[in-house]
Amino acid sequence: MQLKTRKFINKLFSGIGITSVVIMTAFLLILLTPITYKGLGAIFFSGTIEYRMLNYKEFGHGDKENIEKEFAKAKTARAPVYLQFDSFKKEVKKLEPKKRREIKNQLKEIKEALKELLGPFPDTPIPVLLRNQYGQTRWKNAQEKLHHVLYSEEWDYSDPTKPGIQVFVPRKKYFAGTSFESFFPYLEKNIKKMLLPKFTCYWQFLTDKSKDAHFFGGIMPEILGTIYLALGAMIFAVPLGILAAIYLSEYANPGKIISFLRICMGALAGVPSIVFGLFGLAFFINTIHVSNSKSVLAGSMTLALLILPTVIRSAEEAIKAVPNTYREASLGLGAGKWHSVWTIVLPSALPGILTGTIISLGRAAGETAPIIFTAAVSVGLPLKIWETLSQPTPALSWNIYNLCTEHEAVDEIRHVQYGMVFVLIAIVLLFNLTAIIARARIMKKLRG
Amino acid sequence: MPDTNLIIEEKDAHIKAEDFSVFYGNNEAVKKVNMRIPKGKVTAIIGPSGCGKSTYLRAINRMNDLIPICRADGAMMFDKQDIYASNIDVVSLRQRVGMVFQKPNPFPKSIFDNVAYGPRLLGIKKKAELSEIVEHSLKKSAIWDEVKDRLKENALCMSGGQQQRLCIARALAVQPEILLMDEPTSALDPKATTKIEDLIGELCGDYTIIIVTHNMQQAARVSDFTAFMYEGILIEFGITKNLFEKPREKQTEDYITGRFG
Amino acid sequence: MHYNKKQSLVFSKKDATLQWLGSSIGKGFLFLIASFSAVIVFLIFWFIVKDAIPFFAEKGFKEFFTGTNWYPAAEPGEFGALPIFVGTILVTLGAIIIAVPVGICAAVCLSDILPFKIRQIAKPIVEMLAAVPSVAYGFFALVIFAPFLQSLGATTGTNVLNVSIILGIMALPTIVSVAEDALQAVGKDLREGSYALGATRAETLIKVIIPAAASGITAAVVLGIMRAIGETMVVWMASGNAAQIPEPIYNVLQPVRTLTATIAGDMGEADHVIGSMRYHVLFAMAASLLAISFLCNWISEWITTRDP
Amino acid sequence: MNTNKLNVLILSIVFIVISFLCTPCYGEKIVIDGSTTVGPIAKAFAEYYMGKNKGVNVTVSESGSGNGAKSLINGTCQIADMSRFMKEKEFKAAANNGIMPVAHVVALDGLPILVHPSNPIKGLTIEQIRDIYLGKIKNWKDVGGPNLKIVKISRDTNSGTYETFEKLVMNKEKLAKDVEYVGSNGAARQRVQKTKGAISYAGLGFVDKTVKALEINGIYPNQETITSGVYPIARPLFMFTDGYPKLGTELYKFITIYLSEDGQEIVESIGFIPVTSY
């Protein structure tokens, strides 16, 4: 082969390699960018006065006087809307019956849309469900709802062989010639005054309970539950894993039993996570009754089994990487075997063990399938630490699944879903980052 | 076979090997060695690499136990006791027979903790007592002046020569009777080597020192007695001066004159 | 300063017994802990198989493995799980087609081509891909990627293609990191030897390094396959869950159903208490999954421990 | 040094002991498990209840009707949400465990047939729907719609919703193989609103502007038609308890929410039909 061709092939090869790394990076960016962008939208957004009012009334955030002043201002701006509505009702009665029916229908729709936009009408009983007690809290959604008030969404089915086409008919059209016609331009023009949108940083998203099935409020119970579950899994898995690793690397003589143990560990690592979920339900709850229903405890134990092989493997590798001279030196000074392992080998292996465990901590935090039947609920209070022994908890991973598939208002609470995914990924990456930093720190300390 | 019994009398012997062999699997690394090692003197073991000198040395405090396929045969007498008997407490053996390794191997802990490691094993907990022992040991291994202001620092920050002297201090802190040194200077530069050799000179008398080295000059400089091993067999044992000046065996002569090895 | 050292080297008989007892108890205790995972594997195996046996005992193997009618809720139920097995194989195959070339090329690139500094930046990317929880991948597949596919003209966004791509991305980090370890383990000597003979980097890699690391790379691929087969959330959320064999079989825009998703989806509502066939068939599936993962595990073990 | 460590140890022991001693002062808890269809009602009730009774932890899991029944029978939950009635065998198993399931009909639910709003079709007959799901009708043009392939979507075969559909629409005939199964009502609606040729069914609470509910045999699903029984695909939603809860207990207070005015308003505003409007 010519040198030229060989060089070309060499370059091509490097090109392919670098392309694949670039593809991988692209995957990561495509995944993280929308989630980060929209996830941050759960915390930073343009909030309306309704949001501030809700936040004050339900969670006690914000300055009472300011909010009340603002709310009074908004109320003044809204007053003409309701006034017009009431006065027009009398006018409707005078219309001819056919026109009246059409307009009544429209009015009904407008009323519903207006309720969603600005909250319940004044002087009507307060609805029970929280989501009906307030208008739109987010300016972006408010604009959509405004659109519903201003336009009626209709479908043009004129060509029956093709799917219909969506058309937006301005509702103003139906009211041409009546006093209500001016309602629409007024609303459109003054909507900002009625809702007073303001840039908001709702950091309490991370520390508030949720209200009304995640319509409002934050995700604190979920975050707390996730942390409980992950830490609980650690409490079971880490001591077991480290002791097992010590046995395998320091005490065990290679033989049939040990290779059998290793095969079992490999098998455990390969068990699909959903099978762990089934096993957790069947064994921990229904057989040995660690708790009398789903609980954080049962979930943690199940997760612990899931991460046990990873912990053992990383701990074993870390222990094996400790130079033999340390063991010799310690034994040479007259230390017993256990003492050498405990005082010299383990501390030296700590960075490796730590990295492995923190990474599996991240894995435990993100797993969903094993906790569906053992620990996760859709609604529940944030738990005190001792309640974890007997009570189930909401957890980020399960609630993400739950909210994006089973919630009755999937689209209305997209921002909460994105926020949860973002927070979950952030927690897991934070764990990993901690692992990297901790490893570097300890390495530095050990190396001097 | 040389008869060390001619040179060392029974009462002077601190360690006595009798038909002592070490096997790696089926391979006999040390072959039926008979050797008396005198108390309070420095004994050097020389020989080409792979001659079994390190294995022999490590056999004295049963360091070879760590290698699963390794087993010993014959008797190694210490304190009128065969240390390969079945009921031996290896831990207390090793507390009395200290060891310094080829590569400096301080623990990744502070200098103080390194030296205090042994005493703590022996149940000394009081800070004052420990400090006293640490200072004493460090002084004895001639490193106190260099490290007295940074006892809290990580031992791995020190230079190689300092590390090795720290390891000696660490071994001394347990107050052993015998100090085994397995090529203690092979990883060090000449200056550090000199310091270690001086140290050995100072320590002899208080301790029985056995040093394995491939460096004949070193053996000649520091030791009172020298043993030459070749292919697992103890070829010659004698007073250092005699052995180097007029070796009795042909192989010894070939080795010290550099014809092989 | 003098220590209270034991002067005798010999254990008294009592001490010796104590010593022996202590060390055996300690060792035994450690052994018990180490065998804990084996115990768990057996318990899992037992719990799964125990509930799978009634199914096979009553329905036999033929219908389950070759039947194409999956109507577990009908009376009487039909339990032809072939479409589900095919679905599992299809999405796994898709994932492998995406992940293996990219993964191996990336591993080679990370271990041999990129300069050290860039590698330090690129490695965390692999770690981050591995760290993202599966439910986040599932969310992405369902909420972002499926509508995107539909906007490109697919009738349904939750289909083989969607799941394959996402599973491929999930399997990537496993393949990259294990394959890279294998490549690194080959060592400098072989590389230098090849360069010294005048080979280019590409030639060295293709002719020397990759063959030498072949067993490790294969093991990486097997581990990647295991990851894809065992994944639950993504397939549950984004595979469409239709128990059908796509027509034609390479039509990646069709929805399918996989083993893990079937277990996760059906287990909630199957009649646990009664122990109906509909319940037991899910355990039969779990047992099949276990068998597959044991097989994969055994293959990767066999490949890595085999003499080169 | 040492005394410090000792202090920490003692403190932590004291802390743990106190935590355990505190166990009796757990707030009351009510554990609810079961159907995803009843889930929204249970969740709304739970939030409502916890808002009024501080210190009671009401947890709601949505893991399926079958799992709900099982949890009730095993005593791991107090209330089982079910979108179907308990099966005879399940009653027997419960009796064996000393559990006496009592049904509370908390709401009515119709199963509207959903299509994409761009679909000009206004209604279908039950037979047409059956044929669509049997795979006999494959294109919308065969039922008077546009030339568009029908994407059939169904709830998972294990859900109570599916069982209702199977019984009331399919006459227990088997669905075609290319029917796509989704795990929840929300997912079913989502699939329809994103897919032009889709047809699906879901709980009445899941109908909104983004999807179009069809008239069945000329009857549009809404509160009146379902309550009066004219709309053919409707079913009651249940909560099961072990025996009838004792008067005055938390469980009693919770399970009777649906009878109160607030409860009915909640049921109605999340899109179900309160039973008292019979």
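Note that the chains take the letters A, B, C and D in the order they are written out, and that residue 1 is the start of every chain.
We take it that contacts are C-beta pairs under 8 Å (C-beta built on N, C-alpha and C of every residue); 3 or more make two chains touch, one makes a residue touch a chain.
On a predicted model such as this, the values are computed, not experimentally measured, just so you know.
Most remote from chain A, judged by the distance between CA-atom centroids, is B.
One inter-chain figure worth recording: chain C and chain D are separated by 34 Å, centre to centre, where each centre is the mean of the chain's CA atoms.
The mean-CA centres of chain B and chain D are about 79 angstrom from one another, to the nearest whole unit.
Work out the mean CA point of chain B and of chain C, and you get 52 Å between them. Chain A and chain D, compared by their mean Cα positions, are separated by 23 Å. The multi-chain contact residues of chain D, meaning those touching 2 or more other chains, are 63, 67, 74, 182-183. Counting partners per residue, chain C has 237, 267-268 as the residues that reach two or more other chains. Residue positions 372-373, 404-405 of chain A are each in touch with at least two other chains.
Pairwise, the chains that make contact are A-B, A-C, A-D, B-C, C-D.
Touching chain D in their complex are the following residues of chain A: 127-130, 132, 148, 153, 155, 157, 159-166, 211-213, 285-286, 292-294, 372-373, 376-381, 383, 385-387, 389-393, 402, 404-408, 410-411. Chain contact summary for the complex, chain C toward chain A: residues 26-27, 30-31, 33-38, 40-44, 47-48, 101-103, 105-106, 108-110, 113-114, 122, 124-129, 131-140, 142-144, 169, 172, 176, 200-203, 205-206, 226, 229-233, 237, 260, 263-264, 267-268, 283, 286, 289-290, 293-294, 296-298, 300-301. Residues of chain D that touch chain C in their complex: 35, 63-67, 69-70, 73-74, 87, 89-90, 93-94, 149, 151, 156-160, 162-163, 166, 172, 174-175, 177-183, 191, 194-195, 197. The touching residues of chain B, when paired with chain A in their complex, are 61, 63, 66, 68, 91-96, 98-99, 101, 103, 105-109, 117-118, 121-122, 153-157, 167, 170-171, 174. Looking at the complex, you find that chain C touches chain D at residues 68-75, 78, 83, 146-147, 150, 155-158, 236-237, 240-245, 254-255, 257, 265-274, 278-279.
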